[in-house]
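Below: the structure, in structure tokens.
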Amino acid sequence: MSENIVDIRDLYVNFNIYEGVTRVLNGVNFRVAKGEKVGLIGEAGCGKTTTVKSIMNILQIPPAEIVGGEIYLEGLDVLKMGQRDLQMMRRKTVSMIFQDPTSALNPVFKVGDQIGDIINYNQLALGNKISKQEIHEKTVQVLKEVQMPDPERIMNSYPIQLSGGMRQRICIAMALVSATNLLIADEPGTNLDVTIQDQVLRLLGDLVRDRGTSIILISHALGAVKGLVDRVYVMYAGSMVEAAKTEDLFSDPLHPYTKALFEAVPKLTGGGIPMGISGRIPNYLSPPTGCRFNPRCPHAKPECREKSPPFYQVGDGHEVACYLYGGQ
Amino acid sequence: MNTELMKERWKRNWYKFSANPLSILGLAVVLAIILIAIFADFFAPYPEHAFVFVDFKNAKKPPSWQNLCGTDMAGRDILSRIFFGFRYSLVMAVSVLSVATPPGVLLGLIAGYMRDTWVDTIVMRVADVFLSVPSMVLALAVCSMLEPTLYNAMLAVTVMWWPWYTRLVYGAASSIKNEYFVQAAEVTGASTFHILFGEIFPNCLSTIFTKMTLDVGWVILIGSTLSFVGLGAQPPTPDLGTMVSDGSKYIPAQWWISLFPALFIVIIILGFNLLGDGVRDMLAGD
Amino acid sequence: MSKEILVVKDLKKYFATDEGTVRAVDGISFTINEGETFGLVGESGSGKSTTAYTLMGIYTPTAGEITYKGKDISTGIKKRPLSLKKEMQMVFQDPGSSLNPKRSIEQIIALPLQVHGIAKDERRKRVIELLRMVELPEDYLDRQPTKIGGGEKQMVAIARALATNPTFITLDEPTSALDVSMQAKIINKLIEFQEELDLSYLFITHNLSLMRNVATRVGIMYLGKLCEVAPTSVFFSNPLHPYTKMLLSSIPVITSEEEAVKPDKVVSRGEIPSPVNVPSGCYFHPRCNECTERCMREDPPMVEVEPGHFVKCHTMSE
């Protein structure tokens, strides 16, 4: 267990809204080993962002409410941490790159100042004083690491003067500046063009390889994670349904949802438009009992409606939460 | 829209409104004021004191159980006069806002939709002219040109109030017109009239309504100020501002004659402001 | 032999801004035939959305000619005849903002019918019929758009576009904001309608895998110019323009079969320049691996390399 940098066990999270209680996370089990690169794929609304936000304990509580489970970061219980420890953790251990670089950057401050602030703040928290000159140097250095042309000019620019791809790289730079052991990238490059997204993902890949950082890469675009991560989790309606090494998952998907998802994506090789997955994403106010995919699953059996299946081991590191592969 | 959906809608609106207990307080205060204003004859302990009444034996008596707010220099019960005074405050607010808002909104819609054309320029520059004159000065100027009456005070305030709505709606309309649903209506061939009133205007309603609720307090304040300087309602009308002004001669000895009307002005404005905050919370994100 | 329904000749749309003139669409020509789906692909700043908006009249062309069924329609929407607006409809990118949140679904779908003079009870009947066509329940009539899901909103938008029995529909990224299962459903419906109702589509998306399965012919735009136009299978199996190759090689795909059909990896360099400051000569030259001296000076002509396959690149004329 201590080789895992992230260990989420049986996490249940509800949101209390006007219409009632939405049971968003339904027993999430999720692990990232030290130095590992893990992808988290799932469609919009399945709970990916909620899961990673709870790792950093930045969920808005209320309306969110953690009603069960444990979250361990580097062996420490995140849910029991005091404010100071949490801040230290967010500063030193984990960084997050958000989905929309435009809204992640403060429009009224220069980009260099925003990076510099983080550097300064981190040093102050450690009890060190750092000179403006040093901050400037560190900023230039990190901008070079994210392959920004002309770092000096970029530092003096405001976010609005930069393109989407550059803004995303600034966000990555800001995440790197805190010496982190874990990087969480929430749909990086999704809002950007394919060619720029490609560049951004390559950059992330290079950086984590050079630094040995663990990374959680979230995406709803299946192909995007493929080139970058060692292991992939597939998430549906609040729980993990399958986890495997990347090549294993893409060549041999096992869970009915994973299979349906892969089939529903139009292929570059042609073949027309797939039929899609029948039914709809569950209503979190009154989700299906048992396995949440059961109303849409072509293989549903009575036990699927009774109790959510646990992860069954199938082969080397390949786990599936489906009764087709074990138990009862 | 059927009644089921309407009930749902109002339940949800109430949920959002009542999230802040102060909004409920504001609502309560406003409802109380309206009720008292309408049924002042019933609520006022001495309704006959409202206008012309003299009882010098009981003049300038401090607050007591018979006269909760004391009596003024003519012996009239101040609390009763205040209750009747609510009528003038509310009438002023309702009249000014119902006359100033429609043209203001209309001009804002047109200018916003025709942004960056000559229509925009003319409308907004005219509005700017009105907005650049300090409101009190403008109101005073209008009032002093005409006879000092409550009616003319309302006219003065109305004249300088409409541009605020023009500016507000201009901002909203010029951004809404770029929304896809407006372009969809244009592509379909909808007339400009429909686009302004059927598509854009309904999306401005929340902003307009919130501002109107918050404006009530402002209008009452300005109206009271005009009365205070003698340009609004004239004695013996029990207008709150006039009452404050009349009582100012007797400060500090008979402090209650000015204080209580002033206090109730504050209460009215505060009530409407709290209500306005609640309305804003209720309509926000709609 | 398919008839041409829409002919675009040398279309230009420039915008005057504080930074200079933005050449959003800078001289493009293409045709759309009856019953086909013409796909327009490109990254941000390519001008594909501006092209669509100019074709539909939301923008007035700066120069060039648009012909619909033989008639010249190169004007803004206000100047176009009402009968034309009946025939050309549009489905927008973001279902959330393409439906007025303050109106009911019935009012939204009925608007085109109202504009074109259909009587009230006829309207209601037609709206119910349209809801049935897009497989939405009749009790949606009184609902507000905010209460229904993204995919359903887009279905309403499609119902609205079909209301007046159009012949031509522009679809601007109709499924980009939706998840994969909704996407499949909607695209299938669109294809169904096209066959049943004899529609011609201008289909815009940045999702090339989707384009592969939807379009009859594909055009790719870069910085306001069309780089390559070809029938779909040719476009994907034999891309000739360096930008097309760069784009196709960057698509993230899942299966190894798909990986195999992608062109050799062209590492994408640099970013799209600002449309205010377009490069000289061929607009793509700063990012192009095959750039020659001529490319920096001269804008290449559009050459028909094989029947129906047009490429705008100097390497084609050598």
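As written, the chain order gives the labels A, B and C, with residue 1 at the start of each chain.
One rule holds for everything that comes next: contacts are C-beta pairs under 8 Å (C-beta built on N, C-alpha and C of every residue); 3 or more make two chains touch, one makes a residue touch a chain.
Owing to the predicted nature of the structure, the values given are computational and were not obtained by experimental measurement.
Note on interfaces A-C and B-C: more C-beta pairs are in contact across A-C. At the far end from chain C, in terms of centres built from Cα atoms, lies B.
Here the spacing of chain B and chain C, counted between their Cα centres, is 50 Å. As a whole-number value, the distance joining the C-alpha centres of chain A and chain C reads 32 Å. Among the residues of chain C, none is in touch with two or more other chains. Of all residues in chain A, none touches two or more other chains.
If you check the complex, the residues on chain C that touch chain B are 53, 56-58, 77-78, 82, 85-86, 88-90, 92-94, 97-104, 108, 111-112, 115-116, 142-143, 157, 160, 164.
The part of chain A that touches chain C in the complex is made up of residues 43-45, 163-166, 192-199, 220-224, 226-227, 250-251, 260-262, 264-277, 280-281. Considering their complex, residues 1-2, 5, 179-181, 183-191, 194, 198-199, 202-203, 205, 286 of chain B touch chain C.
For chain C in complex with chain A, the residues that touch the partner chain are 43-44, 149, 179-185, 187-188, 191, 206-210, 212-214, 233, 236, 246-247, 250-258, 261-262, 268, 271-272.
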